[in-house]
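Take a look at this one; I'll ask things after.
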Amino acid sequence: MVMYEGNVHSTNKEWQISDLMTCVIARLLKDRETVFHGVSSHLPMVAMQLAKQLHAPNLVHLNIPGGVNPTSLRETTYSSAGPDLLRSAESSFSLAEVFDLSMRGKLDVAFLGGIQFDVKGNVNASTIGPYKKPKVRLPGGAGSAVLIPTAKKAIIWRTKHDRRTFVEDVDFVTTRGNLWKIVTPLCVFGYRDGRLMLDAIHPNTTVEEVQENTGFKLQYDHIEYTKAPTREEMGVLRRVDPKNVRSLEF
Amino acid sequence: MVMYEGNVHSTNKEWQISDLMTCVIARLLKDRETVFHGVSSHLPMVAMQLAKQLHAPNLVHLNIPGGVNPTSLRETTYSSAGPDLLRSAESSFSLAEVFDLSMRGKLDVAFLGGIQFDVKGNVNASTIGPYKKPKVRLPGGAGSAVLIPTAKKAIIWRTKHDRRTFVEDVDFVTTRGNLWKIVTPLCVFGYRDGRLMLDAIHPNTTVEEVQENTGFKLQYDHIEYTKAPTREEMGVLRRVDPKNVRSLEF
Amino acid sequence: MSKRMGLEEAVQSFVKDGDVLTFSGNALHRAPMAFVRELVRQNKQQLQVAKTAAALDVDLLCAFGLMDTVHAGFVSYETKYGLASYYRKAVEAGQVKANEHACYTVICALRGAVMNVPFMPVHGLKYGDLLVENDYFMVVENPFEESAEENPGDEVERVTLVKTIRPDLAVIHAHMCDEEGNAIIHGAQYEDILISRAAKRVVITAETVVKKGKLNSGAEKVDIPGFLVDAVVHVPNGAKPCSCEGKYDVQDMELRTFLETKSMEDLRSWVKTYEKADRSFIGKGRNSGGVRSW
Amino acid sequence: MSKRMGLEEAVQSFVKDGDVLTFSGNALHRAPMAFVRELVRQNKQQLQVAKTAAALDVDLLCAFGLMDTVHAGFVSYETKYGLASYYRKAVEAGQVKANEHACYTVICALRGAVMNVPFMPVHGLKYGDLLVENDYFMVVENPFEESAEENPGDEVERVTLVKTIRPDLAVIHAHMCDEEGNAIIHGAQYEDILISRAAKRVVITAETVVKKGKLNSGAEKVDIPGFLVDAVVHVPNGAKPCSCEGKYDVQDMELRTFLETKSMEDLRSWVKTYEKADRSFIGKGRNSGGVRSW
């Protein structure tokens, strides 16, 4: 079994898995959408900047420190919730206000994490083992439990794809339903008719390999491959994220 | 019957009724108290400035435009809710926040209006006649209905003292209870044991005159006279309110 | 993406009969009067207005018979200018419904809209006839308190709820705005930030409109982010005869002229005197008459 | 009236065992670390902390066994610095109760304290085990909706409530403060304004403390009015090793030293290294050692 945990290199020398995931996510974003990311979310943050440079110049970038449309990530290092995001922003809109916005149905896209996902679209970011006597206490779902039900499109990205991450049944349902996409180092899941469906696999893998690393039986209509990062995408990516913070999680 | 409606002159040449009421109110305020006034509240606003100059330098002046401790009323004219109160303030604290503060039990004094008051301490600022088919639609209680129950001390001032104002039973109970004082051109009422009590009468009047102008039977423990404005008070009053906005309501 | 448009187009596009509106400012300060006058010109009917303390804005709509319901804590001019007599007469005649709130319950009802919940608990509203006469207040028991079950002698805490008010449109007169709607208010903001989040749509009328990126202010000084705003209308003097901090104070003569109107003709004539100025700027950088350019 | 005091006095005066605390900042940004270290030095026990996203503040208190319950949406360092392992171990060992919230429900629970109501409705929390496992969430029917009675077929709208959290104390590390507590925060404010209104008492630790009237800023730039503040503590570098916008970034080496602690001795030694700096300023303009003056 090939573990994709921590594997940032692809067989291709032109791009790494983190580049591919960033491009795949950027392509999911549309112009004028309001898009939020939280802490430990460098990859989506870079994807938003990439989308803004390419096809979504009016995308509205929202974040925890409250900087609306920071113009640059040059000062961003270990944190995707740092005050640097407000420094170059065009206006301010606090975290509390972002949540309120989502409650009102006006947040188009929310990026969320999670540790375990099951075939029914349940998300666990809370505990392994019982909630009140956990074997492992996880960091917690942050905004997931209120954003997944209310954002128009909830995108989960996860830099690990293994059988402990994609399971038959999660230990604890931090939240569920209304997932739109899950992007992993191997594939993109969609959520339709109450279950995760394999939407596309990345060019660096095979359906067999995805299945081997997934704890539930894959279902798909037909196999599609995600497109490798283009030269243009890679050029812009290196410009908006010269420090390669998109790879921090790998 | 002597009507005190609109009567700004006393028999005394040293001061007017508006000066006296302002001084009486100022003396009710203590150092460090948080004190709020709303629209059409020039007299209490001036009283707060007077108290700050005399015995309550750390009184916290709160108001609708959100100016905490405006240092001067020089630019104030027809409005006690104008942006001028924020211009010279030391910090800002919005109307919504002032209400929240009172809900938390941290507003010491609220100044409130009203059109009709009865012996049981009911306040009417809403309608004469039935609420849904009023004979007279009044401006409304503004913050009264939430501030009288929550402020530590609610002070009502009223520049009219007649039998239509102080009645046996109000037409509509905009709010009730927890009144502390009502200051009129003739007297000061207190609220004790569920009813209005005559605390003191002004030096320009007599108990008989107050009773003549009051629609319910006066009750009092003993008669006390309010102290006329002192020379010092009048001096400071003319300095903090050179335009005499305290008399606007008369 | 510029959201600039003329005043006529903004009212045509964003207001329909029966809408619930909310306006910037308080009493005679920074009400979006040009927009309110355009509501009159376009004869928008059956309007509702939610505002803590209203004055000329509500009184003018009542004068023209365009108001259905007012949700407010206080409707009056301040001391010097007396009562809002058109409002008062309309309520007394049964033409307008006065839903009296404490100013704070308007704020709480709008917070309910911001959070998209159907009600908001209010601590202070405990006594009196407002609770009895109005169906938008309700008293419930605190469901988190179980002491009553455990100790039947204790009384369960009671909590007043106010029903959420969701304005269809907030109209905010700001000092400066860029063409995407990033708006700056100088001085007292009153409930403007709240209403910009509570309403389904937001129109900014502004003293000054600049191109994107020309606000010359830090992010923290922008009071209303552009992505919340649907239309930007350039209307210098758009709050007159109300005040606009740092720009102009209440226009005493203009206001008195309104207060002394005696007939529909007087009222129409008063609104007419502002028409040219209110409508002089249209979108796309040109004015309707070729006299002023954006 | 000056509210200045030393850090030791502030912790002695305003924290008792069992208190519910809330801290400024988010994750590794502007947590009031000097104050948290003083909690450790004074061995304050059974503390509760409410915060949307906590990191070193909560982890340090867990490391010393001083924490009872954490009310938070997220407790972890960001990517590069890994998980909050002391917190994690303490929860797994049953020593600390992790009351998991969505970050927003912490915000709503604090809004309940601001408004002094026992609960706050939350629109978004509709599904999952957090609702099932925690007694601070409850689902009720919307009492304003009567359609179910009128039309028995319809379902009544359900509304989730979160129980109010009333912190005993908010500790906020600010950039500048006058001696009466008027405080200014530069850049991202996170939930600091909210907690300054939600808590029963407020202590400001500040990079710079000036005399009254010397903030040299307009009223609108003061983020926390002094009358809300109980104590002002002058602690330059008081957020280290967390960041403080415009002053310093996360102190990588200092943080790593903490993360690599293996024993209680390592932990004590880490806290000790800050002791002189944390406590160097006392009230009344004199420092404890005579070296620095206020």
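Order as written gives the chain letters A, B, C and D; numbering starts at 1 within each chain.
One rule holds for everything that comes next: a residue touches a chain if its C-beta (ideal position, glycine included) is under 8 Å from a C-beta of that chain, and two chains touch if they have at least 3 such contacts.
Since the model is a prediction, treat every value here as computed from it, not as a measurement.
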Farthest from chain C in C-alpha centre terms, which chain would that be? A
Rounded to the nearest Å, the gap separating the Cα centres of chain A and chain B is 59
Whole-Å gap between the CA centroids of chain A and chain D: 28
Would you mind pulling out the distance in Å between where the CA atoms of chain B average out and where those of chain D do? 40
Of all residues in chain B, which are in touch with two or more distinct other chains? 67, 86-87, 103
Of all residues in chain D, which are in touch with two or more distinct other chains? 115-117, 122-123, 187, 220
Chain-to-chain touches, reported pairwise for every pair that qualifies: A-C, A-D, B-C, B-D, C-D
What residues of chain C sit close enough to touch chain D in their complex? 108, 112, 115-123, 136, 138, 140, 142-145, 157, 159, 161, 163, 187, 220
Please give the residue numbers of chain C that touch chain A in the complex, ascending. 1, 113-117, 182, 197, 213, 219-220, 222, 224-227
State the interface residues of chain D toward chain A in the complex, per the touch definition above. 26-30, 52-53, 72-76, 78-81, 83-84, 87-88, 91-92, 94, 98, 100-105, 107, 122-130, 133, 186-191, 194, 243, 245-246, 249-250
Taking the complex as given, what residues does chain A use to touch chain D? 38-40, 42, 64-67, 77-83, 85-87, 94-96, 99, 102-103, 122, 126, 131-137, 139-147, 149-150, 172-177, 248-249
Of all residues in chain B, which touch chain D in the complex? 32, 34, 58, 60, 67-68, 86-87, 89-93, 97, 100-101, 103-105
